Amino acid sequence: MARGPGGNWDRFVPFQFLAPGLLVLIAIVVYPTIAIIQNSLYDWNLLVGNRRFVGVQNYASLLADQIFLKSLVRTSIYTAGVVSAELVLGFALALLFNRSFPGLNVLRTLLIAPMLVAPVMVGLTWRFMYEPSIGVLNYLLSVIHLPGLRWISDTATALPSVGLADVWQWTPFVFLILLAGLQSIPESIVEAAVMDGAGARRIIFEMQVPLLSRVILIVVLLRVIDSVKLFDLIYVVTRGGPGNSTYLASFYNYVVGFTQFQMGRASATAFLIMLMISVLTMLLLRVILRGERL
Amino acid sequence: MEVVLRKLSKRYGQHPAVTDLSLTIHDGEFLVLLGPSGCGKTTTLRMIAGLTPPDAGDLLFDGQRVNDVHPSQRDIAMVFQDYALYPHKTAFENLAFNLRLRRLPRDVIQRKVEATADLLHILPLLPRKPRELSGGERQRVALGRAIVRDPKLFLMDEPLSNLDAKLRERMRIELKALQRRLRVTTVYVTHDQSEAMLLADRVAVMDRGYLQQLATPHEIYRYPRNLFAATFIGSPRMNLVRGVLQRGGAGVRFLAEGLPSGMLWELHLPAALEPLVPEAGIPVLIGFRPESGRLAPGWRDHDALNLTLDFVEPLGPDNLLVMQPSPGGVDSYDHSPLILRVSEQQRLPADQRLSVNLAPDEVYLFDQHSGEAIFCRGRLLRTFGGLNADNASGHELDNRVHDG
Amino acid sequence: MTIRTPTAALTGDERRPGRAHEILWLVLVGLVVLIWLGPVLWISNISLKTRAEIAVPVPSFIFRPTLENYAAILENPNLVRYAANSLIIASVTTVITIVLASLAAYGLARFTFRGREGLLTWILSLRMMPVIAVVVPFYIMYQRLGLLDTYAGIILAYLPVTLPFAIWLLYSFIRDVPVVLDEAAMLDGCGPWRTFLEIVLPVSLPSVAVTAIFTFIVCWNEFLLALILTANRAKTFAVGMSEFVLSYEVLWGQISAAAMMMLLPLLVIVYLVQRHIVKGMTLGAVR
């Protein structure tokens, strides 16, 4: 028995609507998951063609693989850095623009654009800006009499360079969401605090931040998940180099699977990444859906 | 079409919305479901429509059980409170929708829609979309959508409540005339008792999921079954005074509570009633409507209610006299002020003291514990402590007083 | 202009915001605009320069603009083909996604049945699925089935990315359509399919349009799946662009021209849908 507008319906009725989409989803989502798990139990080089059952050996070797472990650590550091930067900047922007002024729509359009431009384009743009001799960043540095940096050719600065492009692209996202959150706080609360004698810092940290805690948490989790999935930027800006100093989790997975064509190991890596993201997703869903009536 | 509700019940989680509701709606009748918000009237309407399936009970259309018939098959038209017009269709298309679904020929549809639009004076509005119409115009389109279908039953869920007062009054009268002409069975939901009184052939008063009384407006006004019905109908609300009924010299006497010397009031109740009043007396509530009674300046010793005027609310042709609670004077049942409605030509005493004299056929008597009406305007409805079957089929009456 | 905002309350003076504060605010706004507009301006600048002008370490802002980069892009047969591929793939994927997702969203939004909440949660979680976890098994499977480098293959591979998002977005939009409309339609004699097609869908047309636009953009921008699962025939524009960097001399002028050409229609689209962005991005979690 299903309930819908107009009373009770046969359970088949909602099923009719759900079936096409659901069947497709199940086929193309459940299947890969099963396939990954299955394939991860084999040692299988696609170029050579032999397929040998090895059980959990792929996982064991992964967990002992220095490059993989380093990429995980790197992913965590990268994520922490990028997300904090975006949070602070985004919140600052939201505070700054929490008012109505002529051109708000234009500004919003401008700031939304980086999110919707293809990451490839963003990557290419910043790659160009990072060019040591003809790129604009080193030029700007020279204008203020600072030496140019090696940006993506230096192992120390390569990852932060990628991070900078990432922050540029996604801070507007954080900004927009926090702005929406700020604007949903009734003005009267802030005014009451001002009349009680609270200064700006107190208002921000003791009122606005706590009231926005749920939104902030959602944004942070979304961005963390995105960072773990990050691929496009790395491929276009540094291609993982120099060396493997910009190998993040997903990129490493790509290297194993599509430069070395080790499908077994790649499947195991993909499975581990999936697990990590599942945990994060469950956290995220818990926060989003807390108290929400679906 | 005749509609029969038999012991319909519906609950939402723990909250019972409608309990054991039984009533019969006659063919061509204009029945109003009246009650405060939360009383279950809208739920009942939706159960008749089939939008909300009942948990228990039967619904019969012309003798056929329709519980399992889908709303789209019931040949019912409904006017929703916020009209529910299809926003992406013109007024014409809104009216024509059902006719189109029934595959009527296009010229027939054209004719019917235009005829209905003409009836409701919305012909020029037909090509417009709902967002281009005013509230009153939308309401007429919603009405037209129901009428053009020529259904077996009209359901209306407070269709006038979103209109401003003047328009509302006008539409009420038009609606009544319309229904008279079309002679279609109509069930109408409202919380506005004056609307109910005007429109209804019969009124079903509901409270907290139970039917309180089913009767003509006249009946309910004069012979309410209980305190709830008595206080819900009539504005301003009926005045209520607490006291004790005693056997006395010339008949039965009413002793109002709170008076040091006791306000004695000889009530001429039917002789049959006298033996039923026990020796010790029985606690009752006396009710009288604001428009009843004769006023005299100054206070009197007996057979009248002595009151002190607090202030006057002018209503145009009438004045509302709002009374003070007076020490040494009679107080109302729930300490809300007693109110009288008099002609604006009535002269008022300077010292603000007046007395009201009530005739026996202006008096309502209620059992103080159960809230049931015993004696109304000269008619005995039931005996004390006993239940008398009446024309309503609900039970568990309220001793609740509705705050008008 | 009286600014009645918390920030104004913070500065303490509502009627006449301090001159210094206003100037500071404007400077900050200018900085923000510069940071986010800067790269765009830079790229547009480069797109109008010759190769020689680009190779100079000191960029010039006064120069004679040339359209040779734009011409090169438009005359590059491969690039045009890639763009056409992306267009076809994105369009077909969007259509399929919208059809499937709107049906599913209606079923989820209007009917209550056992397992409904779990289903919604599951679909929501799919939005987070890492693409790499889709790419690896699909690549293996497509190799066997010969679906590599085909339209059908890439479109199919895009659906797990687009469907969850579209279903959730449309679900939250359809929920906002008042149920009374469905009820009125049913009383008028509509069954559930008719109600959906004639009433609910037309009324939510703007929402469907927004969802379609988002879906299209996602497909157009998608990189990893296209990189792995397409080669020559079905290569998308995004992958084609990334290859500009593979050649030994990077044609920055042309890349910039291509970027500008993609940016302008995007800005128009963004201006149209900007109100709905927040809802879409946070899956309705922030109202």
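Chains here go by letter, A, B and C, matching the order in which they are written, and residues are numbered from 1 within each.
Please note the rule applied: a contact is a pair of C-beta atoms (placed from the backbone, for glycine too) under 8 Å apart; a residue touches a chain by one contact, two chains touch by 3 or more.
All figures in this text were calculated on a predicted structure; none of them were measured in a lab.
Enquirer: Is the way these chains touch best called a line, a ring, a star, complete, or other?
Expert: Shape = complete; every chain linked to every other.
Enquirer: Could you tell me which chain's Cα centre is nearest to the average position of every protein Cα atom shown?
Expert: C
Enquirer: Between A-C and A-B, name the chain pair that shares the greater number of C-beta pairs in contact.
Expert: A-C
Enquirer: Quick one: subunit B and subunit C, Cα centre-to-centre, how many Å?
Expert: Centre-to-centre distance between subunit B and subunit C: 57 Å.
Enquirer: Where the CA atoms of subunit A average out and where those of subunit C average out, how many Å apart are those spots?
Expert: Those two chain centres are 15 Å apart.
Enquirer: Using mean CA coordinates as chain centres, what's the gap between subunit A and subunit B in Å?
Expert: 61
Enquirer: Please output the residue numbers of subunit C that touch at least 2 other chains, ranges allowed.
Expert: Only 183, 186-187 qualify.
Enquirer: Which subunit A residues sit where two or more other chains touch them?
Expert: Within subunit A, the residues that touch at least two other chains are 5-6.
Enquirer: Name the residues of subunit B that each touch 2 or more other chains.
Expert: Each of 51, 70-72 in subunit B touches at least two other chains.
Enquirer: Mind pulling up the subunit A residues that touch subunit C in the complex?
Expert: Per the touch definition, subunit A meets subunit C at residues 1-6, 9, 11, 13-18, 20-22, 24-25, 28-29, 31-33, 35-36, 39, 46, 93, 95-100, 105, 107-121, 123-129, 131, 133-134, 136, 138-139, 168, 172-173, 176-177, 180-182, 184-185, 187, 190-191, 194, 199-200, 203, 208, 215, 218-219, 222, 225, 228-229, 231-232, 235-236, 250, 253-254, 257-258, 263, 266-267, 270-271, 273-274, 277-278, 280-282, 284-285, 288-289, 292, 294.
Enquirer: For subunit C, which residues count as touching subunit B in their complex?
Expert: Residues in contact with subunit B: 178, 180-181, 183-191, 194, 199, 202-203, 205.
Enquirer: Can you check the complex and tell me which residues of subunit C touch subunit A?
Expert: 3-10, 12, 25, 28-29, 32-33, 35-37, 39-40, 42-43, 46, 54-59, 99-101, 103-104, 106-108, 110-113, 116-117, 119-121, 123-126, 128-141, 143, 156-157, 159-160, 163-164, 167, 179, 182-183, 186-187, 192-193, 195-196, 217, 220-221, 223-224, 227-228, 238-239, 241-242, 244-245, 250, 252, 255-256, 259, 262-263, 266-267, 269-271, 274, 277-278, 281-283, 285-287
Enquirer: Give the list of subunit A residues in touch with subunit B in this complex.
Expert: These residues of subunit A touch subunit B: 5-8.
Enquirer: For a test of understanding, state which residues of subunit B touch subunit C in their complex under the given definition.
Expert: Against subunit C, the touching part of subunit B is residues 49, 51, 70-74, 76-78, 80, 82, 84-88, 97-98, 101-102, 145, 149.
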